[in-house]
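In order of appearance the chains are A, B, C and D, and numbering begins at 1 in each one.
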Amino acid sequence: MRREIPLLITGIVGAVFVLQYFIPHWPFSKMNAWFSDWFSIVAAFAIWLGALNLMKISLQKIAGRKEDWGYAIVIIVSFLVIVIPGFGGGQGYREAGTFFSWLYEWVYTPLSSTMFAILAFFVASASYRAFRARNLEATLLLVAAFFVMLGRVPVGDLLTGFMPTGWQLSDLAGWVMNFPQAAGQRAIMIGIALGLVSTSLRIILGIERSHLGGE
Amino acid sequence: MRCRQPGHTPLLLLALILLFVSTDVCVAQSEPDPAGSLMADTARVTVAPPTSVIVTDHKYDNGDALELSWVPSIDDRIPGGKVVRYQVYRSVNEGEYLPIQELLPGSNFFLDESLHRDSVYSYYVTAYSRNDSAMSVATAPVSPQREWLHVDRAWLFVIALIISLAVFYFIRAARKGEDLFIRKIAGLEAVDEAIGRATEMGRPILYIPGILDMDDVQTLAAITILGRVARTVADYEIQVRMPVSRSLVMTAARETIKTAYQTAGRPDSYSDDMVQYVTDEQFGYVAAVDGIMVREKPATVFLLGAFFAESLILAETGNSINAIQIAGTARPAQLPFFIAACDFTLIGEELFAASAYLSGEPKQLGSLKGQDVGKFIAMVVIIIGVIAATLAQAWEVPFMQQVYDALTFVFSTQ
Amino acid sequence: MSTRTWELLVVAAVLIVSTIVYLGKVGGWIGGVSFSPAVSIIVIILIFLSLVWILVRTLRGSLVDRRIVFLFVGLAVVLPFFMSITQKIKISPEVQQLYDALEALPPGSKVLVSFDYDPPSAPELQPMAESFLRYCLRSDLKVIIIGLWPQGPQQADLALQIALEDPEIQSKSPQYGVDYVNLGFQAGNEFVIQRMGANIESMFPRDYFGAAYRDLPLVRNVKNFSNIDYSFNLSAGYPGTQEWVQVAVDRYGLRLGGGNTAVQAPMMYPYLNAGQLVGLLGGMNGAAEFELLTGVTGKGTKFMLSQSFAHMIVIAFVIIGNAAFFASGRRKPLEQGK
Amino acid sequence: MEHLAVWIAALLTLGIISFLYKDNAWYKLSEAIFVGISAGYWFVVLFWDNVHGKFWTGVFPPEQYDAAGNVITEAPDYMLWVGAALGILMLMRLIPKIGWISRWPLAFIVGSTSGLYLINYFSSNMMRQVQGTIMPLFGMWPTDPTTGETVFQALPTYDIVGNVVILVGVFSGLVYFFFSKEHRGVFGATAKVGIFFLMVTFGASFGYTVMSRMSLLIGRVDFLFGTWLGLIK
């Protein structure tokens, strides 16, 4: 039973959600909205599991004096530092001027922006070490990348200023984006849609059940 | 003001005048007309009313919408004409008419939603100039209807059904023992090898299921592949490390690995600590995973699921610690980095095929055949469609025009 | 001295220098730095020469440490900030299309702007947001702001502040609630879009500041997408332009222009080709082009020089890496040098 | 406070950047702060937005009055209880004995996701894109709005070549993804063309990603040298 009930739930719910697209009649018309509400509520409940897990692991590290246990203290402290004003502040917890919004603006934002920004360095390092014209495929990848990188900044047109209009780097970059690039995207999109249909069908039919613990 | 509305005329007229006055004030506030206010022009700018106001049921809904359409006032046929706005009035159950919607000049359509199918509604539309207005004839009372089937989507249903039936058919055929050929997918052939390498080196395997939640199918695919990988891993004595960024994914992954270990007959080797929640925040998560990579130096890294910007950091860091990396995602923007920095990459559809392929079970492989039927349909339709469209448009072949129109209609989704 | 001592010294030096500069900024005795054209050219030549040195080293068979690559990227981005060089920006068709569609709107048209990004993507999208809002308010278009990302409305507020500083807009003194509103964030991703298609108020009963929807004159009569004349979506991922296209455009026929991070932009071209998108601003470049079209230069244009340099550096490294790869007989893997 | 804020932001920024040199204490500290703060941030935001904002106010709607003082409180939405029930079942994991019950909400989410995505992607990514690829290669007969006549308008060569490229690209790309046939002979050659197109796509994505990442770095540099140190004019 422990195995059958979840499979049954998955199958029935999946089929209903496929059908709702074709049935405008109540209650099918409401399914989409309900699901979005339910999912966000479940996710909000589930984050308790995650947060407790994070605390547990950090506490274990501290208790066992494992490597870098000091940082585990920092994790717990910073978690509490934002959670306490977050809950203590009531509904207006993130209005301008609150400590929560201060933390958001001056701690959270710079940290997440910088994490994003150091990608720039990794991109360059990857270009130097990994992007090799090993074969025709890789060469095409690099050539397309060149067109786009040069064509999308003013320098590109500076380099090809002598070419007639329509044949400058920015035009070529535009052509690559609009045609071969778009064609590739489209093939990938169609493939993904079909892969999704088949994966979803396998899940709904209960053939694919490893997410619920295998056969 | 001309009023052709039967019954309740005096009351209605009063109500209308009041409404007109109040809405006019409101308009004057919200849309100051510099020309008008400067000239203090009192000359009446008369307008013709909108005509042919028709109300019809909005098709294929739960009986809560009506469509109203009309021919714009003849003073609104040219841009910058005399009409400054339209106002839609509605009466519920033959009650009084109330203004419900203001529209820009040039409008000829209004969709009225959130209605009740037990009530009857009638409408009229008034055109306003700067200081005059003219109302249309009111429509007959109508109730919205609700339908059981979305007929416009019938073709989508049919095509989805054909592909689904193909999937069923091949799954059945496989069950009956028919031999189905599936070509080799390099990235998946390498999974066992990659796990073997970790065993030899005595280092852990790192499994990253992307950063989206369980409501993304790429994550589902990653979790199903995890099921296969965990089965193999359970047979060897290697450590699996799986930091995740969503609590639901943590739950699902634990469940998956646990069962894999049970099936392999070593439930004792399983521990909840294999899967660990870090944070929902994208880069907080990446920072932590990077730390794990640098400090624990896993021999094999799986990056399967929905990835965004972090793909590059993860793949580069994995590369720098010389791990074997098998990556896969359906997000085209992240694929170049996986292709450059990982040993094997599953592109788009291959990610979804992976769990079926790895299972090696005939019925799972059958579903891949079904997918191919879908691709075949797409290819045939595209070729026929383009030929038909080209012949029809360039050389005026009527039959081809019909084919072209038919295909465009069948594949339209609105 | 050991490496560790050196490292600590560098950290101390960085902290001391920045403290001095900071005090200088606060005290007003250190202002902005700007290179003269001659210095700029010398700097460029020096960078070029050191790249040649790296090329030679790599050709000899050892890759330089990745930290040197990092250093070059840093320089390529930082130095142009201090250079005074102007460059000519060319308008691409997808930006032109977006602008044309916007320009064709009569005054008073309602424009829905969805802010679907957070601070990390702000460098790319904030310049677009600023110039888009500036254009709308200057042209008397009514702006309705929403956000599908929790931090979106905050970003919108920042962009609005910049736009409202524009003298031409100040002379019109636009009013909140009449000329623009910020309806805030709503959780639920594409489901929010779907429900907005039926009824916007049901998704956004109150605005960002807590006022009731029906009390806002601008939106009081806006029921759903059929009352929106144009929409613009600033997107950094999921949910974003793809979801707006799939739901709002495909199901409700909304007219949509996209402002995307450069990473997202390539995925939008199929939609652009199929007519599901009116136009597209892609990345910083798209922002700079849009600024040129609207005639007000902002951050997009200002950052473009760094952008050009950074691209050149990446291309240089791809070329160096590949030159070495071919010189070493293509197959032989290169060793990481130290 | 203003000064402290800018300094904290700057030091954390530098801490993350220092990872480029090597893993170090400054980075680890910034990382730990980031993990704690971001986990806490989402913990709080999800509670207020979803549990409170969605569930609580949906089930117990606060009283509201319109301008005239009439009660316009919305009716409670009882369906939201289902979500809460699923959420509570999820939390059963915390009690090991009945932890298995958390599979039910999981099954529910997996099922609904599969069903929903099946149809959404099928319509937008398969149907609509196939339809978008069906186009006349050489030109159209648009109706002249003034005369009502149709005149053949040939496309410029640029677009004709482009259209052919799209057709070939989509077709061969799909061939590449075919699973039931070995990539040999003509089929293999077509698949090869397909992978060429995919590579051009990835190359373009790579170019755009470089663009994007550099922009973000520029944003941080603007903060460090502009907002913090005030060196940028």
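Just so we're on the same page, a contact is a pair of C-beta atoms (placed from the backbone, for glycine too) under 8 Å apart; a residue touches a chain by one contact, two chains touch by 3 or more.
The model shown is predicted, which means the values in this text are computed figures rather than measured ones.
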item	value
By mean Cα position, the chain sitting nearest the middle	D
Inter-chain pair with the most contacting C-beta pairs	A-D
Mean-CA-position distance for chain C and chain B (Å)	24
Rounded Å distance between chain A and chain B, as computed from the means of their C-alpha atoms	15
Rounded Å distance between chain B and chain D, as computed from the means of their C-alpha atoms	11
Two or more partner chains touched - positions in chain A	21, 30, 32, 35, 37, 39-40, 42-43, 46-51, 54, 109, 111-113, 115-123, 125, 127, 129, 131, 141-142, 145-146, 149, 152-153, 177-178, 181-182, 184-186, 188-192, 194, 196-197, 199-201, 203, 211-213
Junction residues of chain C, two or more chains touched	66, 70, 73, 77, 120-123, 187, 250, 262-263, 266-267, 270, 273, 282-283, 285, 307, 310-311, 314
Residue list for chain B, restricted to those that touch at least two other chains	160, 215, 217, 220, 248, 251-252, 255, 278-281, 283-284, 287, 295, 309, 312, 332-333, 336-337, 339, 347-350, 353, 368, 371, 374-375, 378, 413
Complex interface listing, chain D residues touching chain C	3, 7, 10, 14, 20-21, 24, 26, 45, 49-50, 53-54, 64, 66-67, 120, 123-124, 128-129, 131-132, 166, 201, 204-205, 208-212, 214-222, 225-226, 228-233
Residues of chain A that touch chain C when the two form their complex	32-33, 35-37, 40, 109, 112-113, 115-117, 120-121, 123-125, 127-129, 131-134, 142, 145-146, 149-150, 152-155, 157-158, 168, 170, 174, 177-178, 181-182, 185-186, 189
Complex interface listing, chain C residues touching chain B	66, 106, 108-109, 120, 178, 198-199, 217-218, 221, 223-224, 226-227, 229, 237-238, 250-251, 253, 263-264, 266-267
Chain D - residues contacting chain A, complex	5-6, 8-10, 12-13, 16-17, 19-20, 28-52, 54-55, 58, 77, 79-80, 82-84, 86-88, 90-91, 93-94, 100, 103-112, 114-119, 121-126, 129-130, 132-133, 158, 161-163, 165-170, 172-174, 176-177, 194-204, 206-211, 213-214, 216-217, 219-220, 223
Of all residues in chain B, those that touch chain C in their complex	26, 29-31, 79, 101-105, 109-111, 113-114, 212, 283, 308-309, 320, 332-333, 413-414
